[in-house]
Each structure stands twice: as structure tokens, then as C-alpha cells.
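One chain, subunit A, links the two complexes that follow: it is found with subunit B in the first and with subunit C in the second.
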Partner chain A sequence: MKRKLRPTTRKSFVTYAIVTAAFIFVEILVSSGSASNMFKGLLVPFCVYSIAAVSLNLTVGILGELSLGQAGFMCIGAYSSAIFSCAVKDTITSPWVRFPIAMLLGGLVAAVFGILIGIPVLRLRGDYLAIVTLAFGEIIKNVLAALFIGSDSKGLHFSLTSQGDLGLEPDGKMIINGALGISGTPKDSTFEIGFVVLMLTLIVLYNFINSRTGRAVMSIRDNRIAAESIGLNITKYKLITFGLTAFLGGVAGSLFSHNLAVLQASKFDYNLSILILVFVVLGGIGSIRGSVIAAVVLTYLPEVLRSINNYRMLIYSIVLIVMMIFTSNATIRGFFAANLAKLKGIVSKDKTAVKEGN
Partner chain B sequence: MGFLDNLINGISLGSIYAVIALGYTLVYGIAKMLNFAHGDVIMVGGYVIFTLMTSLHMNPYLSVIAAMIACTILGITIEKVAYKPLRQATSLSVLITAIGVSYFLQNMALLIFGEKPVTFTSVISLPKITLFDGQIVIKSETTAAIVASVIIVVGLSLFVNKTKSGRAMLAVSEDKDAAQLMGVNVNRTISLTFAIGSGLAAVAGALLCSTYPVLSNTTGAMPGIKAFVAAVFGGIGSIPGAMIGGLLIGVIEILGRAYISPQLADAIVFAVLIIVLMVKPTGILGKKVSEKV
Partner chain C sequence: MALLEVKKLGISFGGLRAVDEFSISIEKGELYGLIGPNGAGKTTIFNLLTGVYKPTDGTITLDGVNLTGKSTIEINKAGIARTFQNIRLFSNLSVIDNVKAGLSNNYRYSAATGIFRLPKYFKVEKEMNEKAMELLKVFDLDKEAELPASGLPYGKQRKLEIARALATEPKLLLLDEPAAGMNPNETAELMNTIRQVRDDFDMTVLLIEHDMSLVSGICERLSVLNFGQLLRQGKTAEVLSDPEVITAYLGE
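Our next item is the complex of A and B:
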């Protein structure tokens, strides 16, 4: 007897298949030498933005809360993993050991911050939550941009003002140089690792969403008061979701930082958070597959449109507005739905006519 | 720079934030939406004034008035084109649309005026005020910012509480459907709110660019966000709250920059917002709204 797959399982398998197929396709392109340098440079960012977008989709689509702080978590992940890699560069030489630990560490530090931030913040809702998460992201960015860390024989030195304030010994080395950031992070990120991490992320997310916890989270999204009245611990589920979002954001950040020669906190401003939110929204809120596709397409498009550089962001913004109006306005949606139904009606009538004719 | 100088600079910046925050607070109170593009309307106002003053050699005060008219029209257009179709949509869709509008304005300005920031000539030509034999000098921009913000707050309070349109705004902010049943034209009231908010943004643009005379296509973004912080700080929907919030945020930012760390000033402002929201989620002068099941 053939066992039928559950619809949710089938959905996740289709996504895995699409991502794997895309990966194989790209690998063939690269090995046959037909991929341009620009395209090769985008491969790791594809993975980074996809992971960041699907993990944000967990908070926005599954939990139903708006977060504009994803860049902050990516920043924490990027910095903590880069510091780790820089510190152990000489002791652990194999990137196969070093990089997974660095990513895990980046994710965990981000998750710790996510939960610490989540405890007070998740009491707020809607636009307030959006502005507070944005504020947190900016605080993280500003503090890390002002942070100086150096190491010498006496151990680590911290300062929030300047390099000279550290009082390093002459042979000491700088780890974080304020706004100049971290340089000398080993370039451990590759497209292959990015693909593996993306697949792991997708597996974790699909299983989370279809688990008991995931269903509880969705019930909170749909009706918080009803969910509370049947005894669900709202804070707990919100924190789990927010923590997981932060963890995966941190992993995405680690992947990002190990792809850059110089890591600067100023890259992680609120525009990055907004960009990732746009991936989530245009890919379809709550749709994991949509987030991945949107992240890849919207990372690739601006690079292809370099020739009309000045207009690309303008077009982008117009697309954003038009998309939102078309998907959220009841009248326009009704109009399309009615016409679609009519079209379908004609098609099915034709089919029946054909059948009757036979 | 003594403490008093810093305090005066803080009040000056705070007055500008207050004028911007008023626009946010009005729109949020009435249309219940976070108008992310408000900061960029400030930038548009700045560019209108700059263009009129440099290429047409117009009188500074006249160009401010022209910028107010231009921004009012812009505000109404944005509302009609982008926000009105989304009256019934979720707050997330509206926020994304507002972000889209913000990107649109920034990139439009980038196309027209280029990437290079321009130097803005102050529109204010009042004499400086010197106190205590020159120990404290108050720049004319500071005086103008403080006077303008006080006039606007008083005028707006009178308008909202005494006139028919203003009371319609209060009614819509309280309950949109009930207001409609009472014969208030909700759509027109929301348009009026956007018109006032955007007109104020032009004034804020003039004050901001006169005090900090660099104008680029992202000039309005950060002050816009900080002014929203100020509006939330003071209690969103409250006119005096926006004034208090704006002043406090301005003073905290300048004092933080002077005494703690120049790089951390923004972080301090945002940290204050978070602490305020933890302690009193409705802000200093905000009303407590109980939740219905």
C-alpha cells in the first residue's frame, strides 16, 4: 500500500527539491565556467539573505509580529563569530572545525540577545514593537561601531572611546577597531556551506511550524485571547519563536562575516532590516518557499540592473507600493478574484462542452 | 562649550524634533498608521526651499511658504495614492507601503539632485541674542526653532480643540465608525491630517536644514525616526506630549553626545525610548486604553 504524504510534508519536500535543484544548477554553471564573477560573488549573499528572510518570516508570518531588528541579530552573529574565528585562527587551522563552531556561537549569542530583548519587548504589539525592534537594532549597531577590543599578554582590553584608550602593549593586536570594524576574518564561507546551512534552516523551520509548538504559535497569531484562554503560555511561545528567529539571523550573520574581508557594523543598519522584511512580504508572509525565492530574486535583480543603476531603487519602491495595494485592497482583490472565477468558469464550461460533444 | 550652551543646543534640536513629532502624532492618532515617509517629506521641503533660494533667488520666507504648500500637496497625494486604498488592510501592509513611499521619495530626490549633499543657506536672518556679556550666545536659528515650535503647538491645540474640523479629527481618532455615523467625513479628515502634518514637515525641514546646513536625500530619515521616538515618548496622539517628548529627546541626544560619547548618542536616545515603553507603554502623556475581548 502506498502511503500518501501529508500536504504539509509535501510542501516542505517541494521546497527542499527546488533549493537543491537550484544548487545543482548553479554548481554546474560555475564548474562549466559560464558563471560571471559578479554571479559568483552573489552566491554566498543569496544564502545569507535567504536564511535571514526565512527566519524573519517565522516572527512576521508565523507569530504575526512585526520586527525591524533582524539586522541587529545578524550584526551580533557576525561580530561574535568573527571575533571567535580571529581568536582561534592560529590554534584551530581547519575551517571545517572552526567555521561550524563559529556559526553555532554566532547563532547562540544572537539568540541570547534575542531572548533578553524579547522578554521586555514582546509585551508591545504592532507598530510599537516594530519601532522598538528597530531601536534595538540601531543600539546594537551603534554600540558595536563604537567598540574597541584588543588583546595582548595581559588578556583582553575593552574600550568604548578610542584605540589609544585600550592601553595595549606594543605587541598586542586589535580585534575590533571601532567603526573600522574587524579585518582579517578567515574567508570560510563558501556557497556549498551556505547551501547546507540553508537546507538545515529550512528543515528546522518546516518541522518547527508543523510541530505542536508551531501550531500553538500560529494560534496565538490568529487569536491571542482565545489562545490564552485555552491555557497557552503566550510569553513562552513568543520567546521561543523570537529566539529561533534571532538564532538563525545570527547564523546568517556569521555566514556573512566570513565572506567579507572587512566587517563593519554600519552595514547592519535599519535599511538592511527593512530589506529583509521586504523579502518576506514580497515572497508572501508565512510562506517559507516564497521568502527564499524573493530573497534570491531581489538580491540578483539589482545587480543585473546595474546599467540603469539610478532607476533601480525607484522601480523597486514603486513595485513595493503597487504590490501592497494590489494584495491588500479588498476591492482590487475582489475584482481579480471575480475575473479569475469568470475565466475558470469559461474554461470549465468549455471542458464540459467538449465532453458533451464527444 | 559649557553646560548651558549644550542645553540650549539640545532645546533647539528638541524643538525641531517636536515639530516633526507633531506630524507623526497627528497621523498616528487619526489614521492609526506609522507614516514612515514623514521624514522624507522633510527632505523634500528642504530641497524645495534650497532650489527656490539658489536658482530663483526667492525671498527665504516666501520659499518656506512655497515649500509648505508643495509639501501639503505632496502629503495629500501620498495619502490618496498609496494609503487610502489600504484603509482596511493590516498594519503590516500599511507600514510596508509607507516604507515604499519613503524609498520612492529618497530615490526621486537622488535622481533629481544627485548623490552629493548640498550646503543649505539658512533661511533665518535674525540677530543673535547675547546674554551675560557674551558668555552665552543664542543663535538666531535656535530662537526661530523654539518660537516656531511653541507657536505651532499652541496653534494646533487651539485648532484641534476649538474648530469644527479639529473636533472632527478628535472624533475620528476616538472611533472612526462612530464618527462617520455622526456625519463626519472621515476621508476628508484624514486628508486634512496629512495636509497639516506635511505642511509642518516643510517647516521642520526649513528649521533642520538651517540649523544643520547639509542637505542630502537621506537627511530626513534619521530625524524622522527620532521624532517618532519623541512622539511615542511623549504619548502618541497627544499634542503637548509631542512637544515634551521632542524637547527631551533633543536634550538627551545633545547632552549624551557632549558628556558620554559622540558615537553612542543615538544608542542612548533609543535606549531611553525602550525604558520609557517598558515603564509606561503609552508614553508620558498617553491615555491608557483597556483592551476589549
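Our next item is the complex of A and C:
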């Protein structure tokens, strides 16, 4: 006899199926030559933004804490993995070995930062995480934009002022060139790798949510006082979740940096953090599948509607506000719920009518 | 020796002395009632016993272990579990997941084991499911296991809260107005359930209640609280017939 799947398990399998189907569809489009160059250029960003959005959803939807620093973690992941790849690209020539290590490293460095800022902040109640992560993202971006690192036979040189200050030997090579960023990162990211990483991310997230730890995290979100009363260590579970969000954000950043010829810190600004938050909110807070769909749709739309590109952030903020009003206002929610029920009622009535007619 | 020994417990909020010189001694396996008019400080005592508030004076000892000033989490691990006057369930989780959250500290595996679905995950989850269903059966909630907790009717939500508290395998169970909002039939059923919990789980229960039929029906001993101070303590029938207690409840 077939074992009945639990609803949570079924939900995760449906998501895997949707993502895989979309992947196959795109692969067919590309190989049959009917995909435009613009579309091909968007394939890796689809994966990057989806991973960043689902991992942010873990903190926002599952843990119930607002984080505005996802771009900061992506930035850390992007830089640390790019530095690693640039440093070893002559020694490890196979991208199949180099890139997974780079992504893992990018994720781990981001997770360390996530846990470091989480330790003081996640002990507090309220919206402190949002404030601190917002500042964190900006600090990381600005520090990295001012950082110069070069290497020569004497080893590594650091400076926060200019390239000349490094005092490099003539044969030395620049690794990070301040605001100009990192160039020469091997272009290891492909859509196929992005798809595999996205699938792994989804599996990790669903497994996490449907485990003892995920249950504890959602208990804390639903009722902190009750969670304490059954002996759940609030800070520990919050740290694990936030660390995982940072790790996956770092992985997304690694995927991002290995898709660009020149990596600049200015890309990871506040707007990017908000953009990813918009994916999460529009896809449905707490809905993993929704985040993926929203990330893909909202990455694709602005490219299609290039003519109104200047108004993108304006439209995003309006849509965000409208969504918040719609989801928090009981009257509006009730209106939709009632009409949906009516609609469903009509459909099912039709069916029964047909049956009776027979 | 008594399971719970509370000596001269007191707490002040600014100038207000909410609880003063409260002492109680509960034997293992006892069903003990804590009653008193509204605002007498009953829930404050529960909050002191579970570490939500830190006492200004006095000591709390459970099974020989001093719990005074410990955190809620430590106190739960030491063996005190509670329910709340205003129901506090994990409303978005399913009924069974509420109980499994309560089992978290006794059935352990690491976060990584969960993520990578190592064999231990399946083993422990199976044990958790069995244990959770066992608990749900006691409270007649096993048919609703997969429903969201917020979808349960009121009486069942109260029961689920007790099941969740029991899942942490406590030595002492604190019930804060378990019959609040229940009709006489539900209350009668709840009385049986509480007795059954005491007998089947070998549990000691301290409960706050206003419903006198429940109090006189199941409590063996009572403490009466008035204005933060102990008014009377003793066998249920004796306490309830005491003129002072009747005055405190009904006025002169």
C-alpha cells in the first residue's frame, strides 16, 4: 500500500517538481535557440535571487524576525569566494573542484558574520535585528568599496586608502581594487550549476523546517512565552536559523560573483536588500515556493519592461505598501476570502448540477 | 519530603506587594488547588514558580533542587510545566507538531541531522510521532493531529496545552484556570482527564480555578489567596466551609 505523505512533505515535493519542470523548460528553450540573449543573461540571476529570497524567507517567515541585510551577506559571500577563486585559479584549474569550494567558503564566511551580529542582537525582543542588519549591510558595502588588497613575492598587502599605498612590487597583482572591485574572477557560474544549488537550497530549507529544530523555531515565532515554558532555548534556535540564512545568502553571492567579469561592492546596496525582501513579501511570507516564483517573475519583468526601468523602485515600494495593506487589513482580506468562497461555491455547484443532470 | 517546597515567597512591583510570605508544600501525586478572588496574585505565583518573574524573597525547591531565581527554560528542564490562563498555543503549527515541540528537549538530534536526513532523524522522529500520538489519545485529540492548532474548538485547545506541557515530562504540572470558558459538560470531562493524567503519568498537579465544582470535585487540598497573602490552607472541604474564605469570595 502506498504510504500517505504528510501535507508538509507533499508541499516540498510539489516545489521540487515545479523548479525542475521550469529548469527543463528553459533548457529546451535555450537548446532550440528560441531564447533571446537577454533571457540567457538572466538565467543565473534567476537562481541567485531565488536562493537569496528563500534563505531570507527563513528568517522573515519562519523565524519571524525582520532582516534588512541580505545584500550584506551576499556581498561577503561574493567577495570571499571571488578572492579564493582568483587566488587558486592557476593551481586548481578544474572549475568542478574550485567552484564548490568557493561557494562553501563564501557561505561559511557569511555565516560567521551572521552569527557574530546575531549573538548580541537576537537576545533582544523587537525589531532590533532589522536596524542592525540594515547598518551591517551598508558598513560591509562601504568597507569593501574602500579596500585594496594586492599580492607579490613578499605576501599580501592591505590598504584602505589607495592602490599606491600598497607598495606592490612591479610584478605584484591586484586582488581587490577598491571601488573598482575584483576583476578576473573565473566565470564558473552556469544556469545548470545555479539550478543544482537552488535545488540543494530548497532541500536544505524544507528539511530544516520539517525537523525538530524547524519546529522549535516556528514555535518561538508563534508564541515566545509558551516556547520558553516548554524549555526551548530561544537564542540558540534563533542563531541557528539566522546563521543558515546568512550561509545561504553567502552561497547566492558566490554564484553571483562568478557570473560577473567585474565584481563591485556598490552592487550590494540597500536597494538589493529591499528588492530581496520584496520577493519574500510578494511571494508570501513563510512560503518557500512563493519566494522562488516572485524572485523569478520580478527579475524578469523589469528587463522586459525596460522602458519604465527608471520607475522600478517606485513601483516596488507602491506594490509593497499595497500588499501590506491587503494582507493586514481584515476588511479587505475578508472581502477577498468571501468572494473566493463564492467563486468556489459557484464552481462546485456547477459540478453538482452537472452530476444531478446526469 | 514534599515534591514542591515554597517558603516565604514574595514579590514587589514598585510599591505594590503582589505576593507576600507565600508558603506551600505539595506532596508527590497530589492534586492541589490554588483559589482566591480576582487579583489575589494566583497567576503571579505561577509566574514566580516558572521563572517568568524573579522573586524578591523566599525560596522554591522542587524535589530537593533549589530553583529560586532560575530562568523559565531551566525550570522547565528541572521539571515544572505549565498551561496559560489565556491559551498560548503555537497556532500555525499542527496539533501533533505542538506536542512534538514539547518533546524537543527529550528527543534530541542535531540541526545537521535534520537537514541531511541522517538515519537518526528517521529513528527519533518515529519515536516522537509515537509518543505524541500516545499523548494526543489521552486527550482524545488523535483524530485532529494534522489540523492547525488554531482550528481546534476552545475546549480542545485547552486540552492540547496540557498535552504539550506533559510532553516535556515534568514532575509538577501547573494548570492556570483549565476550565475557564468551558460548559458544565466539558468541565466534567476535564475533571476526569486531570484525574487520569495524575494516575497514568504519576503526576503532581497544582491548579488555579474559579469553578468551584471542579475545585471541590478533584482537589485534595487547597490554598486560598487574598490580596497576595495566604488566607487559609488545608483539606478542600474544610477550607471551602470556612467563613473567612466565603467572605473573601462573596463579601460581607
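By our rule, the second predicted complex is superposed on the first by the 326 of 358 C-alpha atoms of A that agree within 3 Å, B and C clash if a C-alpha of one lies under 4 Å from a C-alpha of the other, contacts with A are read in each partner's own complex, and residues count from 1 in each chain.
The rule we apply is simple: a contact is a pair of C-beta atoms (placed from the backbone, for glycine too) under 8 Å apart; a residue touches a chain by one contact, two chains touch by 3 or more.
Given the structure is predicted, the values throughout are model-derived calculations rather than measurements.
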Thinking of the overlay built on chain A, is A:G214 touched by subunit B (first), by subunit C (second), by both, or by neither? second
One more residue to check, A:I225. First (subunit B), second (subunit C), both or neither? both
With both complexes overlaid on chain A, does A:Y79 touch subunit B (first), subunit C (second), both or neither? neither
In the overlay, answer first, second, both or neither for which of subunit B and subunit C A:S317 touches. first
Is A:F268 touching the first partner subunit B, the second partner subunit C, both, or neither of them? neither
Just which bits of subunit A does subunit B share with subunit C as contact spots? 225
Footprint of subunit A on subunit B - complex, ascending: 28, 33-34, 82, 85-86, 88-93, 95-97, 99-104, 106-108, 110-111, 225, 228-229, 232, 261, 263-264, 266-267, 270-271, 273-274, 277-278, 281, 293
Subunit C partner contacts - residues on subunit A that touch it in the complex: 6-7, 204, 207-208, 210-216, 218-219, 221-223, 225-234, 240
Counting only contacts in the complex, subunit A reaches subunit B at residues 60, 66, 120-121, 123-124, 126-128, 130-132, 134-136, 138-139, 142-143, 145-146, 160-161, 178-179, 225, 270, 274, 277-278, 281, 285, 310-311, 313-314, 316-318, 320-321, 324-325, 327-332
In the complex with subunit A, residue positions of subunit C that touch it: 50, 52, 71-73, 76-77, 81-82, 84, 88-93, 97-98, 100-102, 104-105, 107-109, 111, 113-117, 121, 124-125, 128, 146, 164-165, 167-168
